[in-house]
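Multiple structures follow.
Next come two complexes, and both contain chain A; in the first it sits with chain B, in the second with chain C.
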Partner chain A sequence: MSSEPDVGFDSAAAVDGGEAFEAVVVGAGPGGAAAAAVLADNGVETLVLERGVEAGSKNVSGGLLYAEESAPFALDDLFPGVREAATERPVTRNYMDCLGDGNVHTIDLSGVHEHDTAWCDSVLRRRLDSWLAERVHERTAAAGAGLLTGVHVDGLLWEDGEIVGVTCDELDPIRADLVVAADGVNSELAREAGLMDWDEPEEWFQGVKATVDVPPAAVNERFGIDENEGVARLFAGDLFEGVRGGGFLYTNRDSLSIGTVFHLDSLAAERAEPHELLDALLTHPHLGRWLPDEYEEREYAAKLVPDSKKAAHPSPHRGRLLLVGDAAGQMQAQGPIIKGMNHAVSAGGLAAEAFLEARNRRDTDAAGERYERKLHGSGLFSKLKPRRYGAVGRLGEREAVADAVDDLVDSRLGRLGVRVAGGVVGRAFNSPFLLGALPDTRSAYATVPTVLAEELGAPVDAENGAEPPSLEERIGDLTYDTDVGNAHIELVDDGYDASGAAVTACPVSADGFGGGCYREETVRANGDEERVVSLDTQPCIECGTCAVVAETEWTHPRGGKGVDFHEG
Partner chain B sequence: MAPMHTAVLTKGVPDFREGKVAFDEEGHLERGNTPTVMNPNDEHALRAALQTRVRHGGRVSVMSMGPPGYEDVLREAMASVYADDCVLVSDKQFAAADTWATAITLATALERLGDPDLVFAGFKTADGETGHTGPQTCWCLDVPVVTHVVALDIDPEDRTLRAKRLVEGDVEEIETVETSLPAFVVADPEFEPSYRTARHRLERKRLRAEARERAEDIDDHLTYWDHEDLNLDPDYVGLDGSPTIVSGVDPIPRAPAEREATEVDPTDPEAMGSVVEELTPYAGGD
Partner chain C sequence: MPEIDPAEHDVSELGPKVQSIEDPEELEALLSAERDGENRDAVITVIESRLDRIADDEGGGDGDIDLDAMSVAEIGNALQDVEDPERLRDLLDRETNGEDRDPVVRLVERRLNSVEGGDEGDTGGAVTDREPPEERHPELDHPTADKQYVTALDDGTYRDMWVYCETQAGDLLDVSRELLGKARELMDGYNEEYVDGNAGEDGGGEANERVVAMLVGDDVADHADECIALGADVVVVHEDDRLARFRHEPYAEVVADMARWGADPPARDEDRAPTPPSDADWRDYDEPRYLLFPATNNGRDLSAQVQAELDSGLASDCSGLSIEDAGISNPVKTGDPGSTRTFERVLHMKRPDFSGFEYSTILCLDNPDREFHPQGASVIPGSFEAPEPDPGREGLVVDHETDLDDDWFRVEVTEFDRLSGGVDLSGHDVVVAVGRGIGADPTGGMELALELADAFEDAAVGVSRGIVTGSYSFDAHVESYTAEERQIGETGQEVTPDVYVAAGISGAVQHKVGCDEADTIVAVNTDPDARIRDWCDYFVEGDLFEVLPRLTDAVEAGGLDAEAIADGGGGVTPGADPATDGGGANE
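The block that comes next holds the complex of A and B.
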């Protein structure tokens, strides 16, 4: 797969069996940036490898970056000036709009938004991550190495059954005493080490987002804020045809981030089309209050999001390999509030500290154990996987119980209860403690908010003329550097039963749409008609969905290849 | 071991992609009326020089001979090879030189530059298309020349160079040759630099950042040399020193850009009838 011609002379490193660095950090998202900064500042020769043409070009978030008071690391401590230089707006107001039957009932989420929050800014990832990466390069270069973009780490380097470094598409093998996998969701390294698998749709959300162009003055005017303020709104209720999940809208300096986050198992089971669910939100009359008259979409993007309650690995290390952030499933859905970036920062900092302590004791092999102790000792792990969720949440998700709760809320008695207890529900959504225990059922996402809106809400009094682009136009507006002849995903089983879910669940594919990645086809074999699935990776936005819902051999594209997000 | 000093020869050529190429009565190109760009083939020389710089360090100079208007070309070359400095050999006396007079001038300038360990040149210029200047320059300098180079391996300590080169310019046939430094290398368009180690890529990134800073005040890094600086007898340079006689330049007539065309609806039998009528005279046979 190498792009280099074989006429060249071998470089010295290839002859010696690999270059060596003290530490290699894979991925320049918030987790990798934090780890690299702490390592480099303490004199560790640290090489950072990022597959995007620029850091951030592969990354997507909704965009609320929290700094928690209780967290061991906050981004602005590690990167002074980040808020001034690279974030969008401080989020000063946070609401949840429950929508049902043409009504809206708004809950002020200030309580949970401000709980344990030092600050919270909206961000766009291309801007944030590329700024961080420049700082990381300066600091790692001062410590003897640096940050390289356009390099895809395609595996671990093993020796006698031990991990001793990484292998790359673009570079000769690299040996290191520490390998930090901060390579995000669908971490190829975590998979190869046997620490994470991509088998269970229940362990993931799929996030889809549109960045909508709005001049700064219009943002201020429509939301009634000044340029130093920002708004977050979350949406739940009857607008998503019962698919479990919700919507969000965050204000940026001169744009809006509007998106959806759904449980992948629900999305796949309902055969829902992610772009249609996004459009249901974008075109909902309620959003007409904030959208500009001329709807102009800058970017359509999507990515899987791990659900830490189920996916966070309690012991995310093996030998010299330490997983941080999404790679370790450290993405917390605190009810409707999503916290991944901040935890990735904390975990990156803790992993680096663990290595430094182990190195001081000349026992770098103990870094993993120390990291694990820090994860649990700092309280981070119990945020990711609250014990109370184990007891209450899992029980609530058992089907019979879930249906009973659902029916109860929807019953006349339940509706009466909601009316009486409306304020209590609001308080419940503002309790981090209760949110942690909230089961992932229809009740939480659809039934309760819908009933709330129906019973307590006021009619939606806005009109919405937004006409979002078609899926074809959205794909056409994205930038790709296609790696012709090197498909990064291979369909292992093209049977419809095995892989058909991807036709709808892939955010750039749709039933009956020929321009996407996955298509359903009918082939005749021995006189029988067979439903099969075909794959074209050209429009792929590397979201990771089909790695879980289809039978594939899934990797990221080579360095610098594939989709290039400008907003994220 | 002294650090390596590498020089890259580059040349401005008329931009054949746009603008019209003008010749005077004597058949000399009228450069004043044609935009100048870096000779496209020089890019391969620059790529080879950059790889050498990244792998072995040292200093890289870019050199060109031509009118002051070449500055932009040097700027471009300097930015792409992250050069430390550049020299523009420029003098009215040098004008209208053929490859022989150019070679003498360049060789003298290279000597003055301090006899670099390695000199890179591109393969053929887009205007002259002779491919002579490089080899003639090394003949003047009395250093070995390796042409059609596609890969390089330099040992600065042993002062040797191994090169893979295309035999007779054929991609199918590659030979490996070895020679001593100083040497002259003509990079082939097939030359592909290779940066397969992280340290090489980091070094390249460092050099790029440095070069960006230098580009801000390029004049500090640009030197002009005229015939006096080079101590060259005007009889041996420029038009007077050029034994080549251009007997004439035959412009190749261009196809007319616009053709007369009529659009016809293929479903309209009447209109199609006239098409058949029009075409009949051109049909084979009678």
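The block that comes next holds the complex of A and C.
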């Protein structure tokens, strides 16, 4: 503190009229929470800005939160009591159901599920993130700042070509020695800094999820578990019409998280409707084993998932800006295992440590370099982007190779091989090493599981009477605070060729559906006909799909505006 | 040998110790001890970076403050790092013997004063050599440097709470009413708290302080009675046909002159003493004690200029006001470090910070050597309740007279447009709304909707959000009907007509909330599974391009009127098969 407050040469903030903090953390998800907690606990004046009305209201995840034994940070070390207070159930069993031709063949994934796992809980993000945010606010407030919700950080504050802080829709610009961008998969900060882009659909997955209401006792009874146990099931095979991806089901305390995850390039190329693919899973007879008699959906949600094998940034920093979690593409999706939140927690902790070390040396500008060294030195980066994937995986994804593998597996010889080697395949899906090398082709998602089911499976004997709501009903059931007159997405090119893929790929739009975001229209003018796309951002659930598959100027809505997820 | 043996500590313990060592020799000794001993990279890094840091601080004598080569601002910054009074004295000598720039000399003297912490030259707390801010910060492009004309009063008298009552297009704004009500409430409390209730106007002691309303414009005097009824004791009016529309300069001049009542303000650039206010039998003070403005576009514009002209401060965009005493220990305000002074009758101005996440309370307090009056605020509209007018209240209306300088009107308003308040679809018997069902021929569909609306006695045309956000190209004669201002639904208007005709609208819940309260809802849609079928009263399965003309014919032929439909009668006889929703009214 200056003893001479009226002489302010050193206070640029006082001249600008903006606020200044040592650190600004953008986004109060697990990554931002971890970074803020470590910073604040070490006395760094840390301001956390969250754009939702409450932390968690903008967050969606499939729902498994892992704590790895090898990780530098675990959420329950940083936030004691989090598992008791804010997660759903410990996931004690993990299976993959291969479906094909009315048969199901189940592989036990315990091996890979338990590998390096300290614990794994199912989570719903509104509950988890809002609980974390309360702790973060207490701790950051004690260090001289705090957590503000309803603030949308819309850009970086630059000075002489250097990043010196952030700008917001709601507040004056804020200066800081450290800016942690934990603002999620569609990080506007990462894009403004030129670190990430939305260009390549093959770098992304799209996840769509329904949270289904089931009383706790019914969860226990249907899955044969007690209240301290939980089940994860993955689904692959012939139920998604050849779109590359799979399904999942996780048990929560009093609900089920059921969803699908597809490669965005495949989804866009097949013109598949995400909500229909989700319905294909929800109404599959096999799911009848677990779904309640009266299907009641609490919430429909979606999110874009970066494929860290391709999108993880090896050097996720620029100047004072450090990227953490999804913002840096740190989302590990290899084979059936998806790990994102745990890596975000580790990255957040490492970013904070890097800043603290740099600050101790009076050289805060070195925080980014230190963070990068820690990402690589801790082994985190090699989990996100295994070297062996570079050798085998990329090659395997080439269509010719994929076709050859498919043909082989599907051939009489291949089928025989599968029959003989069924156990081997099960082991392969349980090998973290092999999964790291596994190419993301339909071989992994569709052909192999389908053949497994056909050759080794038992008939599906359940019946499923679930009637999921229509897309219109799903949108109608969501809570929105529409920012009337301020559309947050602009369609730059409304030509069908440029942006038509959004009509189907957007999880709240559909071909022939007028109540969604993207709609195809035919404009007749002067005797000409033109296929165009129109956009209404009111039903938007802010997943970012259209930023990748259409020509848009994409930003998040202003603070507190837009969709408000209650489950997440 | 260094005082600490590095080998006995690990890196985390050494870090803080090293950071506290100031002596480079000791650090060098420590460094060589570590190199000879454990030779840990981390420890060496810590010590080396500390050495670098100290070298930066010291800069090898005064070589880093090269007075001749540095600007005043650079010197100012560099001085902040100099702690040693001897070095500062040396700098001072060098400057006085060299370029001898006044601002530099002052900066060094100030810094010297600051590092010596008042041990020497005890000023007894009183600030003796006061400098105006622009002299204290010569390097800054300080806003007050331009304000060369006016300075604050010295030992002025301040009374009453003044309220700028904004009018627009001849009407008193609601926020002006809200401000008058709040001012009344505040001054009633003020008088009870601070003014001896027995003191009369001429009975010695203090008189009650008043609420003074200001009306500026053309033809605004009519509002004086309302201002009094709302709580004003005095209304000061300035009318001039050139003031019919808000303009920054003449309005600011007039309002500032009202506050000073013709006084010639003290000047900064010459030693001009202030002249007292003009004689007035209704006021005996120099300037208002408090001054409130509405935080409207014009009010913000005006308030900043007026408060600057009066050489006071402004708390902008406030949402809460109270008058209380405040104990202050900031030496800038008390003039005496370490003491606390109670400021009386302070207007506490609460304003939302961080967009309302937190609140600051702004106090505008006199310094020992400079007065900050009037205490001024602009207030966000809607912050307070408008009071019930009391037509029995009595008050004084005073005309303010001053010559308006032609120069103030240099900026001319050449053109203005009053934005329409949008289209109000409520209050009609019938609303005909169309949606994306018109896609095959958007202009034709709108024409059909307009024709049907024309056939009714009192009907309006609205659209669904799908039309507003769609890419349809409409011909000019119908385009205005497809704008956002006619949108019905959650993000548009809510209508409650007797009859609501929804043609080509699927009926998403967002649309439903805009028309659900209509007495009777008639839907026309080609899709028998459209959601609207669940909540309409009559569902006509058919193409609106066929159905709407027949509905129009029926209405024109008198076979159908709004009341009849609403009553469940009328003759819905379109050719398409009318399906009905439960009610069975299929005639």
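Of note:
Here, the second predicted complex is superposed on the first by the 550 of 568 C-alpha atoms of A that agree within 3 Å, B and C clash if a C-alpha of one lies under 4 Å from a C-alpha of the other, contacts with A are read in each partner's own complex, and residues count from 1 in each chain.
The criterion applied here is as follows: contacts are C-beta pairs under 8 Å (C-beta built on N, C-alpha and C of every residue); 3 or more make two chains touch, one makes a residue touch a chain.
Model, not experiment: these values are computed from the prediction.
Of the two partner chains, neither chain B nor chain C is touched by A:Thr92. Judged by the touch definition given at the top, the superposed model places A:Gly476 against chain C, while chain B stays out of reach. Shared-chain residue A:Phe21: touches chain B; no touch with chain C. More chain A residues lie in contact with C than with the other chain of the pair chain B and chain C. Of the two partner chains, chain B and chain C are each touched by A:Leu148.
By the touch criterion stated above, A:Asn464 is placed in contact with neither chain B nor chain C. In the superposed pair of complexes, A:Leu535 makes contact with chain C only, with no contact to chain B.
Applying the stated contact rule after C-alpha superposition, one finds that A:Glu170 touches each of chain B and chain C.
The interface of chain A with chain B overlaps its interface with chain C at residues 4-5, 7, 9, 148, 151, 170-171.
Partner chain A is touched in their complex by these residues of chain C: 15, 19, 45-46, 49, 53, 73, 76-77, 80, 110, 114, 136, 139-140, 332, 354-355, 357, 435-436, 439, 465-466, 469-473, 484, 490-491, 506, 508-510, 531. Listed in rising order, the residues of chain B touching chain A in the complex are 150-153, 162, 164, 174, 190, 192, 194, 196-202, 205-206. Contacts from chain A toward chain B in the complex involve residues 4-5, 7-9, 11-14, 19, 21, 47, 49, 137, 141, 145-146, 148, 151, 170-172, 174. The touching residues of chain A, counted against chain C in their complex, run 3-7, 9-10, 15, 148-151, 170-171, 360-363, 472, 475-476, 482, 484-485, 494, 514-515, 519, 521-525, 532-536, 538, 559.
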